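Note that chain A is present in both complexes that follow, paired respectively with chain B and with chain C.
Our next item is the complex of A and B:
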């Protein structure tokens, strides 16, 4: 390399990507092949969801929430529903609690399958994009059977859920999980055992636990550092069924760099997350009790809410998603709703994690944090 | 990270009040510790959270427009060890409210502050990078999440279109 190249910096816009390929752009400043500055840009399809929520009633709001992250729709809509339930003081029937939890975990598997394919494609492994996405279709079939829609499911509603399980739903869910259990280990070992894949991901985008916490990272990026920070266990929600069964929060502790995580660890962690989700679903399915799926008084009670504030939180696929809700007396719509998307922070952290990496590794750091733009362009 | 001995919300609240007597701390249900913090003490209290709580996780910063030039900025932190959410509330007044940035203590709050600035016009003093984050340039300085912001209806009128049927306005909606 001639010395002149090192004297000059080059600015490259990585994006704006097409909306279907994320819809984001980062300005990278390069010296030679190395990134010295990264400026992630947001706002390419900002939908002002927080303002929209102020104009929708308390049952409609969940529909806006799930559109923030269609991949984890069952999880994304939940913080809003939880906050409304807290302010309105709604009771959720036992059957709805278990059904919600099962579908949230199915949504997690589906979302991770999507990420897994997409991350592989970002690394240039196109076959690994299609294989998990084929298996993902079977989950979508189950969602469609349940709600009539493959992505915009609008399942949870204040006071319960909208659609009941039937034999066909359970059968399709069973097919999806069986297929996943059958094929995932083979494909995982094929991918993770590949020397090329290891070379691309090991030691890339490495940070310590303390750094991760300071950047506001949560979910798999933190659990891959060895800290089992998981709201499902740490702050069990009385309206979900995670405390009905025994399960362990999956963590990944690397032997080479304990307390730190790189792109490879985060990949390992996400496969463990999927296995845990399957375990939770398998344990909960026989426990679905009989009974109503929604509190019959919920509709009336959620028409107008008393004055109050509530904070709904859920452990999403990508980390902690929350919603802070403030209502005024007899309000039909929220006074203020603040959404916290986990990817808002993971996308921001590129600013600190990318400098020093090679240009070709930028996409590895990005993909390994699994940022979904809907969570920052709310 | 080793598992530290948990400090309950109430105990930590007392520690804050002992150090900064003009802060009010109230433990609430769901493991929430609510602290009403004067605007000039926010850096001290956040610094104390950073020092005392090893696994402090910056969850959110956001503004609330209470109308008549009154604003509230709410900071939310979570500690897994203590199973406590720390909700710090700062009241601000005036049409150009200001509060110190905490993004040097918790870098994860940098974008949250940036968003609060562009949406509410709350200035974060010494913030390293106060640029538009989510909004297009034509909305700079319009502060769309303030209740006084005139929403789409007037814009439709400008574009000579029929406004949609009015939605219920109690609660959040502004005219």
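Our next item is the complex of A and C:
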């Protein structure tokens, strides 16, 4: 590099037309091949979901929530349903609790498989793009058999769930999990052992636990630093079945740099998340009790809610997603709904993580945090 | 050791490659081939007019105002004409769940794309009949 190049800075817009930038854009200032400034821009994906929620009744609201993040639809719709259940004082049948939990974990695996393929493709490993996506199809088949739709499942409803398990659903879910268990370890070893992958991810996008907490990160990016912060364990929801079984929060503690995480650690962490999800599903499937799937009084009770406010939250694939709901007396629609997605923080932490990295590593840092534009633009 | 480890890796990769080669393709030659859709598939609707009581529950349940109803158009004692706007419908299934008289159903017809926008506004004639069997179309083969 000649000294002239180092004196000049170049501004490049990464996105919104870039293939990897699906609905977002970041302005990068480069000196030579190094990024010196990163300015993430939100707003390309804005659909005014919070305002839309104010015009939908309490059974329709979950439909908008699941469209915020189609990849984790079972998880994304849950904070709204939970908040409505809290305000209306609804009781969820045992069967619905277990079924919800199973499908939420299946959704987590499916979302992580999608991310895994996409992240590999962003690194240029295109074979690893398609292999997890083929396995992911089997989970989608199970979702379709259950609800009639592959992505927009609209499964949870205040007071229970909408669709019951049947033999075909359980069979397809079993096929999907068996295939996943069979193929995942091989693909994981192939990817993690690849010298190309290690060279592209090790030491990239590194931050300490303290920094991560300061950024407001949650979920796998913070668990990769070694902190077992997980809502499923820390604050078990009475309307979910996580406390019915024994399971451990997956945590990644790097030997080379304890208390810190880089892109490689976050990859390891997400593989552990998938393994934990499979473990939870395997343990919960025999525990599905007989009974109704929805509280018979739920329909009447969720028509008009009393005055109140509630906070719904769930440990999603990308971190903790929450929703604050306020209602007025005998309201048919919410007075105000405020969504806090997990990805706003991970997206804007790029501002601090990217400077100093090479231009080609920008997408590695972005991909390793797994942000989804629907969560920060709402 | 490195040599044997690499050999093992290569065998594992080959095992997966051969498995992929021997298994059937995951993609379909779409307009001419299709798969069987599950029972609960949320495709286009069908309105059974004999059973309809014009209770408006489907209209109220719809989050996107895709359904409108004309109560003056009666063929039977209580029924009404239903107008479906498929430019607005998101196939969420709220209307069919709201119907307590078994008068509104989803079908397995999921390919309803049209050349003109107006063709997606289904009037009472179109929403009450299935112009084709969902499984037999364009000489499709199913696997």
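The criterion applied here is as follows: the second predicted complex is superposed on the first by the 373 of 378 C-alpha atoms of A that agree within 3 Å, B and C clash if a C-alpha of one lies under 4 Å from a C-alpha of the other, contacts with A are read in each partner's own complex, and residues count from 1 in each chain.
As a convention for this text, contacts are C-beta pairs under 8 Å (C-beta built on N, C-alpha and C of every residue); 3 or more make two chains touch, one makes a residue touch a chain.
It should be emphasised that the depicted structure is a prediction, and the values quoted were computed from it without experimental measurement.
**Student:** Clash or fit: chain B against chain C, after overlaying the two structures on chain A?
**Tutor:** These partners fit in the superposed model.
**Student:** Does chain B (first) or chain C (second) touch A:63, or do both, or does neither?
**Tutor:** A:63: touches chain C, not chain B.
**Student:** Quick one: classify A:140 as touching chain B (first), chain C (second), both or neither.
**Tutor:** A:140: touches no partner chain.
**Student:** Using the superposition on chain A described above, determine whether A:175 touches chain B (first), chain C (second), both, or neither.
**Tutor:** Once the two structures are laid over each other on A, A:175 reaches no partner at all.
**Student:** Of the two partner chains, chain B (first) and chain C (second), which one does A:121 touch, if any: first, second, both, or neither?
**Tutor:** neither
**Student:** On chain A, which partner touches more residues: chain B or chain C?
**Tutor:** On the superposition, B touches more of the residues of chain A.
**Student:** Please work out whether A:244 is in contact with chain B alone, chain C alone, both, or neither, and reply first, second, both or neither.
**Tutor:** Touch partners of A:244: none, neither chain B nor chain C.
**Student:** Between chain B (first) and chain C (second), which does A:154 come into contact with in this model arrangement: first, second, both, or neither?
**Tutor:** A:154 sits against chain C, while chain B stays out of touch.
**Student:** Examine A:162 and indicate which partner it touches, taking first as chain B and second as chain C; both and neither are also allowed.
**Tutor:** Only chain C is touched by A:162; chain B is not.
**Student:** Which angle, in steps of 10°, is spanned at chain A by chain B and chain C when each chain is reduced to its C-alpha centre?
**Tutor:** 110
**Student:** Quick one: is A:42 in contact with chain B, with chain C, with both, or with neither? Answer first, second, both or neither.
**Tutor:** The answer is first: A:42 touches chain B but not chain C.
**Student:** Report the closest approach of chain B and chain C over their C-alpha atoms in the superposed model, as a whole number of Å.
**Tutor:** Closest C-alpha pair between chain B and chain C: 8 Å.
**Student:** Under the contact rule defined above, give the chain A residues that sit at the interface with chain B and also at the interface with chain C.
**Tutor:** Common interface on chain A, chain B vs chain C: nothing in common.
**Student:** Which of the residues in chain C come into contact with chain A in the complex?
**Tutor:** For chain C paired with chain A, touching residues are 9, 12-13, 16, 26, 37-42, 61, 63, 90-94, 97, 106.
**Student:** Along chain B, where are the residues that touch chain A in the complex?
**Tutor:** My answer: residues 1, 30-32, 55-60, 62, 64-65, 74, 76, 78, 80, 83, 85, 87, 106-112, 119, 132-136, 144-145, 151, 167-173.
**Student:** Write out the stretch or stretches of chain A touching chain B in their complex.
**Tutor:** Residue positions touching the partner: 42-43, 46, 48, 50-51, 53-55, 57, 209-210, 213-218, 226-227, 229, 234-235, 259, 311, 320, 322, 324, 326-328, 330-338, 340, 344-345, 348-349, 352, 376-378.
**Student:** Show me the residue ranges of chain A that touch chain C in the complex, using the header's touch definition.
**Tutor:** My answer: residues 56, 59-60, 63-64, 134, 137, 144-149, 152, 154, 162-163, 168, 183, 186, 190, 193.
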